[in-house]
Amino acid sequence: MMQAIYDRLKDRFQLGALDVRSRKGLAFVDLRREFLRPVLTELRDVEGFTHLILLTAVDWIEDERFQLTYLLNNRQKNLDLGLRLRLDRNLAIGETIHDLWPTAATYQRELREMFGIAFPGSPRVDEEFILEGWTDMPPYRRDFDTLAYSQQTHADREGRETSDPREFMKQILYPKD
Amino acid sequence: MKHMDPNFRKDTKTEFPQREELKPRKVTTPDGQVIDIEPLQDYFCQEPPKVHQKSYFKIVEDFYNWCRAESLWILAFGTGCGAIEMRPLMTPRFDAYRYGIQWRATPRQANLLMISGYLSVKTLKRAIRTYEQMQGPKYVVGLGSCTINGGMYWDSYNTIKKLEEYLPVDLYIAGCMPRPEALLAGFMELKKKIKAGNAEGANKYAEKFDWYKANQKAVIKDWDMPDYNW
Amino acid sequence: MAEIAMMSGFALILLGIFGALTNRNLLRMIVAFSIASTGVNVVLVSIGYLPGRTAPILDAAVPLESAAAQIVDPVPQALVLTAIVIGLGVTALMLAYAYSLFRHRKSLDISDFTELKW
Amino acid sequence: MVSPILIIAIGLGAAFLLGFVNEDRKGIAFALTLAALAAMSLIALGWTLAFAAGNAQTADILTAGFPPPFAINLRMGPAEAALSLLVAATGFLSAIYMRDALYRHGRRAMAVLLVAIMALTGIVMTRDIFNLFVFFELIVIATGGLVLLSEDRRALAAGFKYLVVAQVISIMLLIGIAFVYHAMGSLNIDDIGPVALGFSGAGLALFLVLVALFLELKPFPANGWALDIYESAHPGFSAIFSAASGSAALFAADKVLATSPAWLPLATAIGIITFIGANILALRQNNDRRLLGYSSVAQIGLLLTIVGQRDLLGDSYLFIAGGVLVAHAIAKAGLFWMSGLVGHRDLKDWAVLRANPVLIFAFATFVAMLVGLPPFPGFYAKWDLAHILMAGDRAWLVALILIGALIEAGYLFRWFGFATKREAPEGFPGFSVNKMGIVFVTLLAGWTSGWIWGDLSANPNVLSMVPVLFALAFLVLEPLPARIKNLIAIAGLVGWFVFRYPAYDPLQLVFAIIILVGGAVIFLASFNWQGRRLGFYPPAMLMYAGLAMLIEAETSFTFFASWEILTLGSYFLILRGKMSEPHALSYIAFSLGGAFAILAGFALAANGTQPFEMAALADVAQTAAPYVFILLAVGFMTKTASIGLHIWLPGAHAEAETDVSPMVSGILLKAGLFGLWVLLMHMGQTQFYGINLTYFLVWIGAISAFLGGLMAIFQEDAKRLLAYSSISQMGYALFSLALMNHLGWLLALMFVINHYVYKSMLFLAVGGVYARTHTKLMYKMGGLITLMPFSFVSVLIGIIAMSGVPPLSGFGGRWVFYNAIMTADMRLPIILIFLSGPIGFLYLFRLIHSIFLGQLKDEHRKLKEAPFWLLVPQMIFVLFLLAFAVVPGLILRRVDAYISTFFPEGGLEWTSGGIISEFGYWNPVAIMLVIGVIFVSVFLLLLWMNHDAQKVKQFNIGFAGERPYRPETTHFAWNFFAPYRKAMGFLVLPVVTTFWNAVTDVLHETADFARKFYTGNGQTYALQALGFVVVLFLIGSGGTP
Amino acid sequence: MSIDWPRIGYAALTLFIVINYGMIMTALVRKIGARVSGRYGIRIYQNYIDLVKNIALRSKITHGVMYYLGPVFRLTGGVGLLLFVPTIYGSAMWSNFSFAGDLVLALYFVFFGTLGMALGAAESGHPYSAIGITRGLSQVTVAELPLALAVFAISLQYQTLNITDIVAAQQGGIFNWTLFTNPVATLAALFAFVGTMMRSPFDVVIAPQEIPIGPPTEYHSSYLALMQTNRVLFPIAKTVIYMNLFFGGATNWFEFAIKVFAIYMISVLVGVVHPRFRVEQSITFFLKWGLPVGVLAILLV
């Protein structure tokens, strides 16, 4: 079924390969930026993907890319389709889709705060979302080192031992190995 | 084991701007006169906290302390997963009421602040404000390892590690999370401490006010309240 | 004879009024009113007419002592004279108005002068 | 004595002489004209004075030396003399007024004016119907000429339309005259014998004459042509056309009708239809002159009605008709002349008159004259008319006349409101001095006529009553600074109280204290105003004068006159508020409606006897009594704003000035209560179809108390809240009064006192806050307690007193209330009262919370305490309330004893240990002591324990871990009782407002639809006139075959 | 005016007895509630500890004069109400200050504390306080209505407003109580009783879950102590009125204790089985059920 939808859209929007996952009815597909809105509109209005489950980002720091994932859901047919879009990491400006799904505004606000991806035109996008009084770089960027930040901000309690859970449990459970 | 980027330096230079509603503003009065409003001065009491002396007579103070110990009113404020562990205390199985413990909805009437779990910087601000709004003598109990050393959030950029740096903690109850029985045991310990006259957290806070404030302001960059929230 | 005069007088009045109310043209209305007032005058005279009597002129033919029995009633005739004079005055005034209206408004149609209403 | 024929001769002669004056010598021509008119006026004046002094006999002038019917004769009697004077004087003044126009048109125009005035006097004096016709035609011609004096081009068309219709009328008149002559054999009016009502032979002849004369009076609806003239002619001529022509034509009709009384009903019918119809149509007029035209038509209609009633009026006929006529003529001429001062024709453009306060005063005078308010002739005339008609079983006619008058008052006062409140145009050049002079002369004439009619009247002269004169004296004092005037006013009130003190019985005394002493206390607040404060003291003092006279009134006339005076004064007072224009209008509309009901009630009760003692209300005949009761009760209840008649109150009280609100709320409302009191005292047990009428009052009182309070809860505007609360409180008072037992009356009296005190106090407090914050919306305030502690204290004390919580005086009221209802017959309405008590608590709490408690706003942080002079009376009230709470007996004891003369049962026992009733007891001193001691002990205890409490600021609140954002978003005040609205909101749907709006809308829509009838086409007008005749003929002959 | 010292002494004693009785009784009621749900419950003297604890608080704040006076008004209202009503029938001294006024005084003095408390709470500037006041005032207007009607009915029945006289008329056997001679009025009054005791289902005023305890949100330390005192005193004072009017009064302290407890338990029992009403729901409830019963009461007398 997903394949059928993919076939219908593939040529018109120059989609990437369909990435079918293990779970039935879940698939991902890459697309180019200029086709984002047409594809989303088409999926929403024609193919029945009426629900935006989430909009999230992945920091592919090695590729100098942010990947935005728009996960859509078709309630009738129980299909989940993820659209993956890659943005230039140094010029992280996404296209707002709050007019298609009002909830997207919230996601975009979160992405703006946590990844520093701008969504011009999205309502209240520059307001604080979860963080309060944050002045450092967006914390979900991979070049933000949370441990280092934590060390530099909060002193460890003296005598606290930190172990690698994997090593620690191995020692306890299989002391012989 | 996690790597740490040796080159990472946190941003210490950027100042967070004052909140809009707290900036001094000019207002036109009904008579057309323009007056200056300084919200922090005009709307908040700027007095620092005071150190309160114990009663002159020891016997009175002992009696008071006994009453304080036997009448612990907990502020109904849950900061983390520990909030869940408090609920069973009201049930027939644990029945904390028989120890004179009860929950109050307003900080004005409560005298025990339970920090029930991890405390993000954002929540810390609320916790400080709430603590300061409680009337002394008042007690703070940290619940779980998160309040002790950060617990499983030890490497989080946004969670404090040592509660006593920010609030005068009377007692930690270890565990992740501590069970209700542990809480009850903790309350008993607290009572002993109060009865012994050692639970002077409020006075300690007032004495070392500057130190506490410095610690608090070091993590809370958008300090948008008076130094002491009466 | 008197009845005929009176009938025709009333006919003239009705005719005049009918004309005044149906013609839009100011001048025609004025003419119609003239006809009507003529009718009124005829009626007036016919009221004062007594059959078989003579004109109320006291001369040799009508001696003073028997005048009351010989002449027709003179009062209506006096009234008619007055009415004619007044009618003339009114007609003249109306004509003057019509002239003035036409000069200012370039129209003689009464239905054009309805800016004052309600 | 100069021969009256000279009036005509001079007019005619001067007109001829003008022909010889050189066209360029306009000054001479004008002087000649004025001299002629002055001479005519003087002759008429001489005759009038002679008649007034009783030195003259009615004189007949035989023109040709023959007795009638052989020659025309003129007659000079008292009415003729007065009318000639009216006509000639109007002509004289108008001539001066129209000087510019007359100069422009030259001597011919002056001649035409002279001819017109001459012809009008001729109509008044002649006794020959053909002569009448001639004069009428002369007037037609003269009118045709004079209309052209106007600079308005449209006058040309109007004049032509007039001529067309005049032709039709003259044809009818002439034929009629001819047939009358045929039937009677004479042209002399005195020879026209009584002609029976009929439509053949002599009847038809008379019908034609009459109908032509009626048409000259511009009857509704056949009067479109006249309105066009009014609208477009020169105002100076319109004044003549309205005041002089109308009066003369009316007199002509009167002369003819006098011969055949059988035709009077026809006149009545046409008159009353015209009166009401024209008044309704006037409602939608925006053009001032056309409005005056409608009003003129209406007034002539009223006069025709009065003419039609001459069979009943008898000796009073001249007094009544003359009163209405004079009032109409003077006021209408004055208004037309004033319209010439106003540059534009919309009603709102009259705001320009504010440039000169005397003109506003003149406007007010003329409006009051037209509506028939004291002290003007129309008032006396209306009073007598209503009484005679009621006694003659013509109540329906009284009702119609009063309804018409009410509508007229509606549009006139609305217009006055425009003039005083609307935006005045910028850069006004100033009024022409000579025109203004004419208006002032008219003004003087108006007041003089008021004095004359008062003097002629069998009743006391309003203008010779001391309080009224005192109030009027403030007109002269207006140039003084406000504070001096204030001092005089206070001295006057207190002085009058001291002077009259021995004469009051205890009930009057209580009211007198509230009105005179209380009024003086409120006047203390007026010291707050500086400058001259023009237009404040005369109406205020007029109101107090009315009130002071009201409580002493012994006869129904004095009572009613006082009532009207206080209504008028308070109207002008309320109108002073910034936004009060519509509210003042609805106030005066309701008040006049109520006053007319009272008038009808008194007239019905008096049944012809004059003067009618108030005490005689008890002896009204069984058949009439319930109607008298209902009429009077409705009248008084409009003043107390009982539910259904309440919609004027909130706006009027809320939008009034700060020191006016307590006057109209604390004091003025008591007038209605006093009226009800007097009514119940004398007619308390009146039955209507077996039901005691006081039962209805009990219900109305209870519903007012309940709904008034409920509406108060939902107000955002502090003064409106207080205003609705007044409705509720007055409901309480009405309820307790109508209980008709001893304690009920005592309770009502306590309400009278308490309501005065705390309502005045609260209005002043809110006014003081308003003076600082410039807003009345409560949610915009908050937290003012520290800035305005004194205002807070007075509101606090007011609230405790008002809600009936011990130990303050309100509790005494509740205690008496409980004791009073124990013996009441009705139980159900008491439920509403029970409910409205706590409801009062709700809105009062809202008042104090939203203003003084809660969060202080940014812009109010530097506010000062309310002005000193506003606080002074408040503090006096606070002290009084505290004292009254401890020793209520000081005042109530005497009243209690006095009430025992009406209800000997159920009194209170005043002992040193408290007040004891049949059912319970109450010891105010003990209560105060016990509560005081407990309170102080607890307070000291708390002080001991918490003396070291840290004073914090307004944002230091436990806000769920957050902090408040702004005071505006933290102050919980807007829609404060939202849950209450959810539960009870359906009870406060604006049903009554909707009803009254619908009434006015229907009237307005009717007017708007009906006035389309006047198409503006001359032919249509002529057709309407003919149609009028035909319809009249058909209806008449249908009635009498 | 001479001071009647013994009477003042008796009044103080009454106050002392009632406060202690109230402290114990409210604790007992809570303990019963706990036992019903299988808990041990608070200690019977817990109220005293809480009271002392609050008084012993070291730091206090004040929001202003009215805020300071609020609890004073509140407690004065409670104490005054108690002392204005004869506590023990047949004893001149235990009638305290009832010579100052009759039933009407008692009915209206109830509002004294409410008014003061509302003013004080409102000055704290806390929106929750204001919301709580709104709710409380809205509810009490209609909740008191059946009582007013019932009182009217029984004062008509006994033809007096004197409480002592009303109690006197009920002496001589349980069936002389108003409860039996006029059950409708009693029922109406009980509507009001349940409605004004600040217990479920009519406790939305202080609903802790949404508006942290309503009007007293900002009160603490000795302010709260005074209010706690009033909270044990005031319901009893009110109950005493009901007892005197409908349940035959009390001729000695023992009877007093039993009757007050029994009447008090009515509101407790209603409360434990009914969930909370919203304000408009309780208004509608009283109009729909309380009002008709009250009307019936005054019509049947």
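We call the chains A, B, C, D and E, going by the order they appear; numbering starts again at 1 in every chain.
Assume contacts are C-beta pairs under 8 Å (C-beta built on N, C-alpha and C of every residue); 3 or more make two chains touch, one makes a residue touch a chain.
Because the structure is a prediction, the values reported are computed rather than measured.
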item: Chains contacting each of chain B and chain E, listed by label; value: D
item: Identity of the most central chain, Cα criterion; value: D
item: Reference chain C; chain at largest CA-centroid distance; value: B
item: Top chain pair, ranked by how many C-beta pairs fall in contact; value: D-E
item: Inter-centroid spacing, chain B versus chain A (mean Cα positions, whole Å); value: 36
item: Whole-Å separation of chain centres (CA-atom averages), chain B against chain D; value: 70
item: Geometric centre distance via CA averages, chain E-chain D, whole Å; value: 54
item: Length of the line joining the C-alpha centres of chain C and chain E, rounded to whole Å; value: 100
item: Overlap residues in chain B, where contacts from two or more other chains coincide; value: 50, 106, 108, 224, 230
item: Contacts with 2+ other chains: residues of chain A; value: none
item: Pairwise chain contacts under the document criterion; value: A-B, B-D, B-E, C-D, D-E
item: Chain B residues within the chain D interface of the complex; value: 21, 25, 27-31, 33, 35, 37, 42-45, 47, 50, 77, 106-108, 126-127, 129-130, 133, 224-225, 229-230
item: Touching residues on chain A, where the partner in the complex is chain B; value: 130-137, 139, 143-157, 160, 162, 164, 167
item: Residue numbers on chain C that touch chain D, as the complex places them; value: 13, 16-17, 20-21, 24, 26, 29, 33, 36-37, 40, 43-44, 47, 75-76, 79, 82-83, 86, 89-90, 93-94, 97-98, 100-101, 104-105, 110-111, 113-118
item: Touching residues on chain E, where the partner in the complex is chain D; value: 1, 55, 59-66, 68-69, 71-73, 75-76, 79-80, 83-84, 97, 99-105, 108-109, 111-112, 115, 118-119, 122-127, 130-131, 133-135, 137-138, 140-142, 144-145, 148-149, 152, 155-156, 159-162, 212, 217-218, 221-223, 225-226, 278-280, 283-284, 287, 291, 294-295, 298-299
item: In the complex, chain B residues that touch chain A; value: 1-2, 4-6, 8-11, 14-16, 121-122, 125, 148-150, 154-162, 165, 218-224
